[in-house]
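Heads up, the next two complexes both have chain A, just with different partners, chain B and then chain C.
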Partner chain A sequence: MRGSNVLGIARIALLWLAAIFVLFPMVWIALNSFKTSGQMNDPLLLSFKPTLANWENVISSGILAAAGRSAITASVTVAISVVVGSMGAYAIATFRAGGQLTRFGILASQVLPPAVLVFPFLTMAYALRVNDTLVPVIFAHLTFVLPVVTWFLIGFFEAVPRSLEEQARVDGFTRFQAFRLVVLPQVYPGIGAAAIFGFTLSWNDMFYGLILAPGKAAILPVAIAGFNTFRGVELGSMSAAILIAVVPVTIASFFIQRRFVQGISGGAVKF
Partner chain B sequence: MLAPLLAVLAVAVGFPLVYAIYLSVTDYRLTDQGAPNFVGAQNFIDAFANGAFWNSFLTTGTYVVVSVGLELLIGLAIALSLQKQKWFRDATRAFLLAPMFITPIAVGLTFRFLLNDQIGAIPAILDTFGISYNFFGPGKALFTLALIDVWQWTPFMVLLLLAGLESIPKPPLEAAKVDGASAWYRFRRIVLPMLSPILVVAILLRALDALRVFEYVFATTRGGPGTETQTLQYFMYQTGIQFFRLASASAMAFIVLLVVLGLVVLTFRRIERSKA
Partner chain C sequence: MAIVRFAGVTKTFGTTQVVKNLELELPEGSFTVLVGPSGCGKTTCLRMLAGLESVSSGEIYIGDRRVTHLDPRERNAAMVFQNYALYPHLNVRENIAFPLRATKVPRAKALRRAEEVAGPLGLHGLLDRKPKELSGGQQQRVAIGRAIIREPAVFLFDEPLSNLDAKLRVETRTELLQIQRQLGITSLYVTHDQEEAMTLSDRMVVMEDGRIAQAGPPNEVYTKPVNTFVAAFVGSPKMNLLEGTLAAGTFHSRGLRLQVDDEGEGEVTLGVRPDDLMLSPAANGQAKVTLIELLGPRAIITLEAQGVHLTSVVNASELVSISVGSCVDLVIRNGGAHLFETATGDRREQG
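Let's turn to the complex of A and B:
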């Protein structure tokens, strides 16, 4: 019994340590966003008269619109990826379509350095007159979100017992009905997880946005990076900009997380 | 059912890829007006002879091994701890998973100032203990970058491993417990083998993603000190976008692609063989 007590204490200590590690940088940035540049020279200053100048500065720079564009880009990318990816993953897992080659192809597109694809995208965007809009960014994000979502789902589809589907076919379901009504609900937890991951991938990417939509359609990471180079380093305003990027997704991640845990335990096949 | 996937991939990946292959055998520069000239394999030959290119290979490799290795160990420990959590389960999880939802450029910039030796909080705290450590100094900057990666991406490891842990069937564990197997034995002989498929996926996804590290370098060191933190992605960005040598950057990117693909194939071969 004593052994398990020691483990229990270590477990709680580890979680507290992890929590402090996660929280510390964000608290520090939050404090900085209310400091004047003079107060910032004392990094450990805890009590000071807060200023809202940094926040006013950031809001007037249009960062909220950039956040909205990031959300649209990520949502569209994920919606396409989940629909197309789950069908593809099912085909690969069930019929061994294309064998190992398809799997490697999917992984290969994940390995592709974005520096390779970005220039052809830029030329195409100019040719179709959609440069500096979200369209090329969404296409570019599909190149890495779709393969990852598909790859992620193959394992989940493979975990579904074949007998379930065969039974559904015996009961008179068509192949597509069996997929949609029997197999798909089994992998909802996987699809949820894949969608969350795909969203964060798209939301987080700066590289494509920086080159394909640097101007009026700048997405959030580009807008934040712009704050860094604009008039040198304005640490206070940048801290506020970082918080604007961080707070909504942290709150969103809380709800997504609940759904993820629910989904993971909600499968029809009980272990 | 595979058709929609292949169609989207062909448009979004296939066409730009073919275009990029075409670029890699020309002398195209971003500043060119007319049509580029065909130069054959010259860009590839130049890349092979380029010491800085191979150096960035080594830099990136070190970065990937250090960061993903640490993420795996810490992630597994946290996932095991979280699995046994009874109070505030969802809140703890959501909180600890938060870093992976933050855009890397924000994380990079945060740590750039957090670790700055004049205005950063961490050096100031270390200073009160009489420790002076320059996080972005020679020989240290790359490991600092890897630590930033660990801060942001350990949660991803936790998320996947936790999902894996919770899908492990209970009966074998309970049977082993009844038979008197120790916690360590149960972990090593039951949990770990059952976790191995998701472990492989987690390591692979993290490693492939860590290979593309760009934002942290862009936000903090810009490749310095010297060329110590010049990762592949940053090196190719510099060659292609800053120095306008798009054709040579494309050639380099294809060499990277082939090397990494080779490694992935080798890994899979070994996994398949160990299964048989």
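Let's turn to the complex of A and C:
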């Protein structure tokens, strides 16, 4: 009895520690975004007259447009990844396409340093006159989002009983119809989770965006980094920009994830 | 409505032949049951007919249409899987109506038609439920409803009752038979349960190792098994099979002697159904009762005679004079002796 009590307290203490570890920087950033640069030199200053100067500065700098571009990039990347990835994952799960090697080999691209890929992308973007647009950024993001989404979905497709698809085929549907109308709905929760995960990966990536679209098509992380100017880091503005980057995605994933967990228990396959 | 025909169908997986040169015809409106131990190729046959498994050689016909290489959807067959394969994301009404979505039937009409089909199956109040909210028996009915809504040319059943409990299995079996008789749709049913096969089929096909061991009316398969495999597989409790010699109307096996109504001679295997092995209490009888299992009106008696184990089924009323340890004489009921060649296992022609 006592042992389990101690264990329970230790567990809760550990969770609090983890929460503080994650939340502390966020709170610090949030406070900073309302401080003047003078006040920022006093990190322990908790009661102060908040200023909106940082936020005004950030918003007038076009950060919202950059956030919009990031959203477009992430959405298109995720949309392509989900469509192509679910078909790929289905093939790997059902036909063992490419054997055991594909299953894990598909993640091999993650080992490749982005620096290796980015210059070919840059030269191609130049040649095609699409440099400093979102097009090369989206293609670059696909190199890491698509494999992860595919790999993630393989297990979900494997959990769908084969007889469901066979039933649909006997019931008069083509193979693709059986996939779309019967198999796919069983993995919606997985697709949702993969989409959130892929979206976050794309949303947070700065490297490709910085090199492939550094100018007028800058995405959010690049725009945030822009506050690191030759006059020094504009900490206040950067803090406000970081909040703009983090908060909406966190809130969105929280709600979407809740819906998908519901989806998982609601559509459970039981025979 | 169709005559289904397998013409020399062979199926090979890698180097193993699981179905060997199958010749089988399902007469129009018949209920044929493929039965055999697991791994005998019966499910493969069904799946080849459905189009879910390719045919290595030979042809399959439904009616006068050669369907060997057609897609499953073009064969107009309806199938009920062992796990029912209900679509988890659709409710009962949508599940039953689903096959009509493949045709050009408008959605509203399809759903109305599904309700008509669901009625006689006792699914009225369940139309808006999801499959996981149904009991096994109800799921089974939804699967049947989905199969009949299309009015298919052939019904295919892959062990549809094996996931139900014993009581429900017997009930559903009867319902299934009634539905099939009403609709008169040619049916092929696969099971490993010989009792199910006996009760359901008007034609029973016993398979052994990818080949048909015996095909015919269940009564004929039961009363005239063509070899020891069929003899042992069909009937419960299992037929007694004894190796020995036959001479002058007496069968000898080790020390055991039994009177057999047969003029033949030589090495034979004698088969006697437990129901045909009659016991009469006798102080110096050649068999001893070792176990009695009461089934209600009848009882299974396990006997030992000269190191040979035998089973008999008797009326419970006879237990008055029989108990564990008592000695009995054995008599084979007239016409109850089946003789097989010991070497080949084939049924011996009556001499």
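Rule of thumb we're sticking to: the second predicted complex is superposed on the first by the 242 of 271 C-alpha atoms of A that agree within 3 Å, B and C clash if a C-alpha of one lies under 4 Å from a C-alpha of the other, contacts with A are read in each partner's own complex, and residues count from 1 in each chain.
Rule of thumb we're sticking to: a contact is a pair of C-beta atoms (placed from the backbone, for glycine too) under 8 Å apart; a residue touches a chain by one contact, two chains touch by 3 or more.
On a predicted model such as this, the values are computed, not experimentally measured, just so you know.
Once chain A is used to superpose the two complexes, chain B occupies space next to chain C without a clash. When the two structures are aligned on the shared chain, A:142 is found in touch with chain B, with no touch to chain C.
In the overlay built on the shared chain, the residue A:208 is in contact with neither chain B nor chain C.
Note on chain A: of its two partners chain C and chain B, the one contacting more of its residues is B. Seen from the Cα centre of chain A, chain B and chain C lie 90° apart once the structures are superposed, a value rounded to the nearest 10. Once the two complexes are laid over each other on the shared chain, residue contacts for A:246 go to chain B alone; chain C is not touched. Touch criterion not met for A:55: it reaches neither chain B nor chain C.
By the touch criterion defined above, A:92 reaches chain B but does not reach chain C. Legend: residue contacts after superposition of the two complexes on their common chain; A:34 is shown touching neither chain B nor chain C.
Of the two partner chains, chain C is the only one touched by A:174; chain B is not.
Here's the short version: in the overlay, chain B gets within 14 Å of chain C at its closest Cα pair. Residues common to the contacts of chain A with chain B and with chain C across the two structures: 271.
The residues of chain B lying in touch with chain A in their complex are 1-2, 4-6, 8-9, 11-13, 15-17, 19-20, 23, 74, 77-78, 80-82, 84-85, 89-106, 109-111, 113-114, 118-121, 123-125, 151, 156, 159, 163, 166-170, 183, 197-198, 201, 204-205, 208, 211-212, 214-215, 218-219, 232-233, 236-237, 240-241, 246, 249-250, 253-254, 256-257, 260-261, 264-265, 268. Across the complex, chain B is touched by residues 3-4, 7, 11-12, 14-15, 18-19, 21-22, 24-26, 28-29, 32, 40-41, 43-44, 80, 83-85, 87-88, 90-92, 97-98, 100, 102, 104-105, 107-117, 119-121, 123-124, 139-140, 142-143, 146-148, 150-152, 155, 159, 179, 189, 193, 197, 200, 203-204, 206-207, 211, 220-221, 224-225, 228, 235, 238, 242, 245-246, 249-250, 252-254, 257-258, 260-261, 264-265, 271 of chain A.
Interface residues of chain A facing chain C in the complex, by the touch rule stated above, are 161, 163-164, 166-174, 177, 181-182, 185-186, 267-271. On chain C, the positions that touch chain A within their shared complex are 50-52, 71-73, 75, 77-79, 81-85, 87-89, 98-99, 101-103, 131-132, 146, 150, 156, 163.
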